[in-house]
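Both of the next two complexes hold chain A, though its partner changes from chain B to chain C.
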Partner chain A sequence: MKRSELLSRIFITVAVLGAVGAPLFVWARTPLIHAKVAEDGGWNPDVIQANAGEPLFLKLTSDDVVHGFAVGQMDMQSVDVLPGKVSNVTLTFDKPGIYTFFCTRWCGLNHWRMRGTIEVSGSPSDHEPALSEAAEPLYVTLGLDIDAPHDALVIPRSQPSAISGQQLAANLPIDLSTDYYRAYSPYQVFDELPNTSLTESQSWDVVAYIWQSNTTNESLSDGQQLYAQNCAACHGENGAGNGVFADDLAASGESSMQTMAGADQMTMQTPVDFTDPTRMLGASPALLQGKILRGGMGTGMPMWGSIFTEEQIWDLIAYLYSFQFDYHRGEAQ
Partner chain B sequence: MELTRLPFLKSALKSRYSQLAVFIVMLVGYIFVILAGLIGTPVGSHNFSIVFVWIAWWAILILVAVPFFGRGWCAVCPIPLPGEWLQRGAVLNPPDKKPRWLNLRWPKFLRNIWLQNISFLLLALFSSVLLTTPNITGIVLAAMLFAAIGLSMIFERRAFCRYLCPVGGFIGLYSQTAPIELRIKDKQVCVVCDGKPCYNGASTVGLDVQRLNPPLSANSNTGYGCPWDVFPGGLTKNTYCGLCMECIRTCPHDNIAINLRPFSADLAKPSTRLDEAFKAFIMLGSAMIYAGVLLGPWGAFKDAAYNVGTSAWFIYATIFLAIIFAILPGFFWLMISLTSRPFAKHPFGAPIGRGVGVRKFASLTTALIPLGLMFWVAFSLSFVLTNATYILASLSDPLGLGWNLFGTANAVWQPMLTSILAPAQTLALVGGLIWSARTAQKAANEVKVSSVPVVIYCFITTLVMLGLLL
Partner chain C sequence: MQSRFFLLLFVMAGLVVAFAPFPVRPIAPQERTFRIEAGQFAYSSSEIKVNPGDTVNIQLVSTDVVHGLYVDGYDISIEADPGQTKTLSFVADKPGSFRFRCNVTCGAMHPFMIGKLSVGKKVWFYRSIGLSIIAIIGFLKFPRRPVLITAH
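Let's look at the complex of A and B:
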């Protein structure tokens, strides 16, 4: 064989092998986390390993629409994951435990199913308990059945005003403590108010005042932000249970639910209307905490326990009551 | 004007290395595109394979390569390279005396472009998925490469290119309009040439190299017989000459030239082949259907075209095929039979009937060749200019791994030159209409009928296309 022929053959072979090998090599060395709408599989991989105290570098890409990435129980800005683009995220976990990452963009009907876990290993330091050893939630301590009906038997005729309530409460022996506020529903507090000369409407104003004194403007605004990002898609910007997905959820009904294995038993319910006083005024903060922590168990309401911190949940609950109580009416202009 | 007189071009074409080098670069690119389709992001608009093949390559092919260089793409397409290496047992050396593989002749009944018509239609019917799904693009490109290799081992020469390639079919048809041709310089030289090494290969058919007159030069001694199964001495049209340049290297008499010529020179000699006539309808029809489905405002059509396998898609496919095989040709046939009698008596009293009708019909479809090409130009202008900015982004991050090689990975999608798009399309369509009208006159003269119905047909289809595009 002539040298030129041999060299040409070698050259073509090397070029072809290189053209196949080089892309495969760099591709295999760049692990990407792919995001797809939950119907198509959600996150892949959806379990990520990490070590406490060591930075974790993630490359995220979307295979379909715009998604977002955030890790629950962590103070982090959510990162947009764009179709065909790569977003870089660096995370450092202080405590070992199982963290949940989730989609932060309303990508589709089953948006809230887009979750995965980061398993952070390492020994917990003495003063900081591992994530899974978090304290028992209040609804468990109180022994509440969070699925039992909890309707308020009396509801106010107009929206109670906390400002008016503050003036009325001045001479009343009322309990403003956090423990009291969290354990009772507004209706229970209304019902147990000391027998006074207050009208029904005035009593509700006092309840509104008790609720207001257990929150701050900062909590309310944090709660509002959490609500807008995570709840409004179904429950609606104004809490009326008519978010952009509400109709779609209702329309898709069971077919949406059955995308999960074993979902035959599930029944679709419409998102709760937080502006409905019968329902909201009959619910204690502890009960709402339970519902948010655990989720709706087959109703389409996700569980948020692995995502929100305890403080975030209390902030969110404080905000939910603002659909019932007026914290500003009567304020000095 | 003979381009091969240019010393630089001539030596580049005579050398085996220059074209081989281009082939290797193209093959590497082709394989990379396949891999990018398979392992890159599934998001079509950001996947290198989709963007590079269906936007960049398509733009170059239909807006530049075909109109100006005819089969210029075939001259550099890497698909035949691996198969040809296997077939010849060599890259540069003369082929083995005894063929390595089956080396069969291509079956006679398939020596036409019907298979290419079918392969194009197969891709066309699935085009909405093919053009947007990187995996599928990767698989189709790989399948074409492997089909070419497989056919090289069964049949002689470039059977895939000549008879199966879905792209080669229409490039061939439209290459007749290109201002470039490969032709012999002096017919007499070919007539007396011993053994016709340009067709038979210098060493394959046991030519006694020493007894040839004149003896083969070292260069032509290594030459292969025409890979496209064409005898260069008989070339009158570009359609089946793949511009592989092999005969330029092989011809011992240096009798082959690349010429610059007026546009559409080949159309003065209308083809009477029905497979080519239908190729013209297929291309004309698919340009119109694409303009309606891909660019038009009708969501239902887009859905139907995209959801392959559904009943809506079957309806779409049926309409697609009906337009191409029944409506467009039927209307054309009606138009020409209005003014002429396709079954009239042959002037010499020879057998009449089908032959006359087919001949006229096929000849007159020549007018649809420039028309179809300009339809494609107008259609392609629109989606190429709309999507060209994707090329920048995917160049910087071809595998979708978050790279930014040229700093353009985050280039924002933005349609280009929107203000000149509609005028340019109109110009292309009107130009195409004039061009096809002139072609129709010549073709009508050949078969001695009036060109008016053909011109009216072209006018109506152009109006429809204008309506679909603007």
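Let's look at the complex of A and C:
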């Protein structure tokens, strides 16, 4: 064998091994994440390390039922994780911090417990402030106790209509600003309306108009989508607190409840009925934001603070009030 | 001679039962809506009956994990997450009985999660009962001929 032939043979062998081996090496080093229902352990592993600015490759598979994968507060399409198949995900994190990944397809009563974290390291000084340094939520600024009862003392006899409220509000000195809307409950606004010749039901119509003017069609439809995907299984598709898991939650008793005051003070609470005006009209958007951010309340309510962006939570809140107010946007135009 | 006549009569009766058009009153197609609750590993109403030509709406409500519903023969399917009811609408234009099954892997017993869609009457079921009765009468009516066994 000539020397040049030997060299070329070696060169080709190395090139082929490199072309096939290098991607194979990367693929084999990519961790395979197994998804199981929360009762059987949830994600494994549930802590993933990554570096800011570098792509993170993940392989995902399910060991039982259909799951989904998405990272909270990140603009990404959720990825279905199917039994017997491997899904590939590539993520790139701009900012260092601790991100939460979660299951996006309902996989049982404890679906929402299926969460894990991605610890993204990197020097924060080079980048924007890390995630954990986000501004404090409105309910903290306002000093609201989100666990205190907040019943409305007066409720409307029929569903308030934003359309008739708009006409009535034309001559009234009312505050339509977002700050005002977020800080007060519909009942408080109703109570503080300037003393005019309006009847009770007309006053409620004006309140409905204030709420309507602080939301948009896009915001409502985004909120509706978030509600269907994340809330409806317990709170019901029509908001009445009678979702498919409501009975299961009651049956599972203490294990579906959490309280900071210890097991003795646990009382069973069913998912909140958003069609109940006494509770909903007594709750301000800031209060609802606190409840959604933190969860808990002595029930199986998940905490969504690490999952939803602030905008998504306001969209969701706007949608929740549509169980109370008649917006009828289609007719307005 | 008489036995031949009877044999012919029985054969004719058999043919009539097997191929005569079934006396079915034409039924005006209507819209039918079914609510099917899917849980591991069964459909809560696992049998639905419609008439040929009906418009069928199946509301699939999932009560634990993601389930699907695939109708054999029609080759159509939907998938529902808990809290997100989905509706499958189709026109039942093929008569017969069809299996519907879960087409989303929902756990260990997933392959056994099945139900039945019946479109129209079970024509061949009734025809086969008729044929069986004729066959039984035939066996009783005709004495079997002795079989001759010739030995060397």
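Please note the rule applied: the second predicted complex is superposed on the first by the 280 of 333 C-alpha atoms of A that agree within 3 Å, B and C clash if a C-alpha of one lies under 4 Å from a C-alpha of the other, contacts with A are read in each partner's own complex, and residues count from 1 in each chain.
What we mean here is this: contacts are C-beta pairs under 8 Å (C-beta built on N, C-alpha and C of every residue); 3 or more make two chains touch, one makes a residue touch a chain.
This is a predicted model, so every value here is computed, not measured.
Residue contacts after overlaying the shared chain place A:84 against chain B and chain C alike.
Contacts of A:105 after superposition: chain C is touched, whereas chain B is not reached. Using the contact criterion defined above for the overlaid structures, shared-chain residue A:66 touches chain C, although it does not reach chain B.
In the superposition on chain A, contact of A:18 is made with chain B only, not with chain C. Of the two partner chains placed by the overlay, only chain C lies in contact with A:244; chain B stays clear of it. In the superposition on chain A, A:135 makes contact with neither chain B nor chain C. By the touch criterion stated above, A:30 is placed in contact with chain B alone, chain C being left untouched. Legend: residue contacts after superposition of the two complexes on their common chain; A:233 is shown touching chain C, with no touch to chain B. Taking chain A as the reference, the larger set of touched residues comes from B, when chain B and chain C are compared. Residues 62, 64, 83-84 of chain A are contacted both by chain B in one complex and by chain C in the other. Within the complex, the chain C residues that touch chain A are 61-66, 81-85, 104-108. Those residues of chain A whose C-beta lies close enough to touch chain C in the complex are 37, 62, 64-66, 82-84, 105-109, 228-229, 231-234, 236-237, 243-245.
Against chain B, in their complex, chain A makes its touches with residues 1-2, 4-5, 8-9, 11-12, 15-16, 18-20, 23-24, 26-27, 30, 32, 59, 61-64, 83-88. Residues 20, 24, 27-29, 31-32, 35-36, 39, 41-43, 45-47, 81-82, 85, 90-93, 397, 399-402, 409-410 of chain B touch chain A in their complex.
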